[in-house]
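One chain, chain A, appears in both complexes that follow, with chain B as partner in the first and chain C in the second.
After this line comes the complex of A and B, so read on.
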């Protein structure tokens, strides 16, 4: 039996019934029609994006697809596609899913000669599976769809010596496994403003072209989940708070991150068209992966759009994710990563608990605020690096790894880098206050901590109380360093640097909404000064927030709030006003006002209903 | 760790005409010539034919001249096929159109020339070994690869469960049985890679860099784990820590002649030897300035001679079976040596595989080295058949 023949009849019946139920439900939940409806606005942005991308001449499948869909410059597109299918030098996981995605999208428009070349690519190209979660999602999406497209072919017809059936089965197993893990204990490469796109594009491609209704539905639910995960951390196009992975430029300038263009397309924020905004130096132009969203039949459920954009009330949202596979030097393969977010209409303060949750590109905490100016964020970090950290996650020799990683990520060993995990950094956040402590080992290669303060701040004041106050429009940030520091002027920012190994900072954020004027905010803050007597021995800081909550945090010890111990282990998979899920349950419930959308990954069904108003 | 970036496709370039290269060469090789010369001479002597003796003498003279003229090295060595696994190159750049070809390279002339085999793109090839039946097995990031036509076509024999494969070891007595040492433990096939089974019961930390099949006892294995040396008496069904607890063991080698003797190289603690089949281990670092040992090699012609490849110290030689060590790095431009190979047919010839410095060769048992191939290459593994 061929790969497609493996589809079970019972599945088909089951999912046909589900589809029927959902159609009825969806009809009820459709957004209000009209020019201003979210759906109508999305259509406009979708068309606009395709229009822009189809005018580009980047060498890539997304540009080619956009040209064919819009009917613009198709001769060039055909030549480019021919080149992409002929060039034996191109391969790997990026090729794996984009080539077959383009084939399936355009097959009615392509000549047989091009189709044969695409087929041939899966016979001859080196398709590296990669060594990260996003690599595998891309690789197996490509293998799944290619094996689905060319079933019943024997081992000699595939680059990897596996038959269509073998390839399909392997890809199907892994994709199901990944979606199950993602919906129960979370992604390893979670909440990444950069890598978000290399999950979304294959997932949408899978949704679009998987013939198995179960796989198609699961891909749709996973797309919902990833968008919802982004939505709760989203503010004005910014992917806020802690991230598993991101690039320094995007950490320092959040709207330049590739996810911002997805926010523009699906959430309608930021309002500006990012490709025209040189101040954001958008990196997402190169691949134009967002075009895969613009060409997809997937539509964002309105409830997720509302979650992403309704900032009428501040909220706390917590999540549990997982650490990427630890292959050595750790007691557990996938320890939990805990995330805390406090969101308002003008700023967000978000954090991970600290430590090594991801190698190389971790971003542990930040304040991100709405601003017309770039570099709208403040954060600190310890620029840690070590071969042993890398060897926790990669199998190559630990003494070889630092230099090797530096070749590709360029800044890994740089003392001035803006992304880093560190075993010597821990956080404790409550609402819009956070204590970040550092206990840097004597043997650590970098013994300083750095803070990013953008030059675009409207004010930066060093108060004689020890607090540093910043203002960006109506957003206020109070920053208290425990130890001496210096300022270093750089191109877009002031680098706050402290070279004391046992160290920490306390940050509290406010805005005119709650605090009135900047002066009033300062007045409220200086009333309470962090207490850290004998810190070098106790590693303990007490801080009473401007709202009167008492936080106590000991590095390597307890976090207490108003005398009560905070235990991360009680964190749910998602917990906040908009998304709720028990860890391991496989059921993710989204709520907005009286609307509910529930993703049940166990039964692979989506339910929507309206609950009575309380 | 790999070249991973979403904004740049991995662009690999095929070094042309490898298909033609893959075909066995038809012209007579020098080793064939040697066989003709010697074989013919012996047959002729056996005939005791006086007339032929003149021809024998003539051929012997030719042979002596050839040997004296420096052909000896390659003539003698051409019985060996060498496999060089190149993980990557320091020249590799994301998105570049002229990235070097990496992966498997094969030499049948003692490293005088190397020919690429199989995929040219980056799949993280760590190690390649040929079984007694001539089947090639590669340990790769993509899994365990198998080729039964000398590397022309490959099949990934493993599924998604097996990844980050660092070593493969073929059972010399039963070539359908292969073990894979991976970052996720040991896997075993007994049907030439059609199916694989995880063999990790007993490991506290399953990261395994190397696995050795004890030639003295069927189904007895030793594994170099991140937590010490593990032993299995039943083909990996169950493992037990046997020594070097808590030490990251990078490599294990069984002595080529005395089967009860094993050697181990560690991440931080240098060289160890065992004379009781791996049950107990003795540290022996006299003369070693660098204690990260990635590889150990033996001189089959002299049971006392050992070599180790280190991180930062290049190559060390021992003439007393590892009791003391002497650094031998003249001409070795890169001192991170990840694999060593003593040419089986000519132990004067050594190869040192370096990380980011390519392959080096010595023709005088390591006293002097010269660059051989793979400029700035990360040559991860070497083997010979």
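After this line comes the complex of A and C, so read on.
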């Protein structure tokens, strides 16, 4: 028995021992009840998605797999697969896990010639590992499964000159490490409506095909964790609040993000089939990768479905994540990122604390609301860019980084961009109110701040009190700029712009549920006006919310709520009515009504129980 | 194998003797027909990172060739090269985005020596005698292997920043190394166990050079402050006069051991004839955004090449008076070498 075999045996024993102490373990979680049950509804959507994707002719492994599974157009699928395995120009981390995933999924249907080509790919192509967290997850998932599939092969049989045993061991170590980090201090590329897919898809592939029961279980638990993380920020298909990384189009139109299709599949929201809507582009950055969920045997625990969809009561949820690896110009490798979410049945207000938490694509805060119309969000940002910011995270020469990133991401240096981190932006949120302050350095390349206000708003009123009131259906937004501003009309939105370097905005959100009519909401809001005398020297804003809470916020200084200092360092890993976890514990507890599901990443066990109602 | 290496080591010690840079790690003399140019290509235009890239990796141009050909990996982000040679034993190294690659069979097959513990490998340094001792610079510090790349240990004691662009063995003392880090240039005299800052005075070490005729003569290119020079082994530093205060990624001592060249971000190519204390502009082309690397032919000092950002390689055969393109247009060329 080689080292690989020994490792597997060891894991089997370990896992078996763990299994003995399970209180209750079930991949399917809570039982399904009839055709209206979440499980039955999921099954319908799953079949529907496979049916739709199998009619597509996109060049990709997911389209091919869908065609084989449904038995539709298999001749074309075989030709496409042959093309994908013949084209030596394709490689890298995206190929690494999708090629082996397709192989393992379809191996009983594939001719030997195709199988040989897929095997050959891992011998001759560079499965480049990349430089981001999602790259490494994809890469090592692919290497793990490929080494598992072709064990006991020597170094000459692999593109990197490592044997099957060496590749398996390395991939196993890293995947375990990543899942441990993700379950204790969080992802670096956290809560991303776009990059969600490139974590979820390899994790589901790992779950599906890992032979080691412990790895399979850990992949299942990680899938649960990622879905639960999405669920608490989810509203009607929208991934709400602050994001580590997202693309401008998806920020400005949340339901166009790939995560929305995952929400449709697993949470059943939005109710409409997104690919039929103009506001969603299913091919948009790999949207069909959701088909990997439709082909997976992974089933979302019903408790996560409930967490994602029950909005009967507003709630506050906080999280601690981590900043992506900082390689220079920073005091520590992974400082914490703090998230705050206030969720209601019709809107969500969510934020990160501000500052540079991610390069390029950070989205710091927004209010996102349920709407039949596109562009259902409002937010502000400082469109910051600098080579030094990028050099914090990438090893290339600092002076080139802006140009290089701009070539690929197209918008990085654009003064009108809708995604950005900025060292000159900080937030303070309490429930449905948020203060966002800006203190833009004289040397900064962009000296203005922008706000996104969609044209799909039903009303946008500039009140003589200084407040700007917006209404989108039953959702109301009050927005108070501290400094002069202008409106710039654009295709889908009004761009609110203020070119004052020391600046800020106060926002409160309400709804007809809480505030009655729009007029009543306005009446309540105008009673309180932010106090910011001498702001250019103190950088301090006082604000008493319409609920009577007193917020005081100084840029670079303290945040106080009703006289008490708010300290982000007290934030837990997850803390809210639905998910609780201490940072570093490796134990994530989900709660819905009297049901509890606990993921114990230390022991690699899942427990479920019902607690007595209080 | 161990016996052969021991014999090789003895021969190398006799040859090197601590008086001049050993051929084992800096290139070899030989007939032109036996050598080819090798280029490390990091990026081509239009790409930062991702899955599918072509036209990057290790390239070769042999005598008689009219173009460069990619001989290893079409999508390998390549930061640098290294060669260890003794007698008929040759080991070539590639410092790349996914680790340190090594070939021991004349570039027919390669093996990645590092694993997930190291991220990008930005440069490689080789012990001139013991081929089993390898050093790499990474964004998270210097790593050392003493068993031919089987295991790696992080060696950062005494360093104040973990980003290290460049690591280099002192040719006069194989136990000593220099590490160009984000905050300073560091030196160790015990093979990386302990590092001491040399207090260059400005941050951002981009290029680190030790003069081949004088081990105490050091030059560093910095990320914002031109070139700094020391002629006392790093005890004191002086600013290279005449240079713009910007990034200098490349510093190179000519094979005549008199002239020193430097280039960087929007700088053109600069030349010094007084050990790097004062500089004059030799050549500038508005098409070239930056010079990443400078190559001087080991036998023909008038034969120069520069590797650029996005414009491939330029060549001059008259000491830098006139230049022409030498291929790899569109590529970011990080290093050029002439190897057997």
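One rule holds in what follows: the second predicted complex is superposed on the first by the 579 of 614 C-alpha atoms of A that agree within 3 Å, B and C clash if a C-alpha of one lies under 4 Å from a C-alpha of the other, contacts with A are read in each partner's own complex, and residues count from 1 in each chain.
The rule is short, and it goes like this: contacts are C-beta pairs under 8 Å (C-beta built on N, C-alpha and C of every residue); 3 or more make two chains touch, one makes a residue touch a chain.
As the structure is a computational prediction, the values presented were derived from the model and not from experiment.
Applying the stated clash criterion after superposition on chain A shows that chain B and chain C collide. By the touch criterion defined above, A:328 lies against chain B and chain C together after alignment on the C-alpha atoms of chain A. Touched residues of chain A were counted for both chain B and chain C, and B has more of them. Once chain A of one complex is fitted onto chain A of the other, the partner contacts of A:305 are absent, as it touches neither chain B nor chain C. Looking at the shared chain after the overlay, A:452 reaches neither chain B nor chain C.
Looking at the shared chain after the overlay, A:134 reaches chain B, while chain C stays out of its contact range. Common to the chain B-facing and chain C-facing surfaces of chain A are residues 88-95, 126, 128-132, 135-136, 140, 155-156, 160-162, 170, 173-174, 177, 327-329, 394-400, 403-405, 407-408. On chain C, the positions that touch chain A within their shared complex are 42-43, 45-54, 57, 73-77, 97-99, 101, 109-112, 115-116, 119-120, 122, 139-140, 161-163, 165, 182, 204, 206, 223, 246-247, 249, 265, 289-290, 309. Here chain B touches chain A in the complex through residues 1-14, 87, 90, 94, 97, 119-124, 141-143, 146, 153-156, 159-160, 163-164, 166, 182-184, 205, 207, 226, 248, 250, 267, 292, 294, 311-312, 336, 338, 355-356, going by the rule given at the top. Contact residues on chain A toward chain C in their complex (touch as defined above): 88-95, 126, 128-132, 135-136, 140, 155-156, 160-162, 170, 173-174, 177, 325, 327-329, 333, 394-400, 403-405, 407-409.
Note for the complex: chain A touches chain B at residues 60, 88-95, 125-132, 134-136, 140, 155-156, 159-162, 170, 173-174, 177, 194-195, 197-198, 258, 283, 286-287, 289, 327-329, 390, 393-401, 403-405, 407-408.
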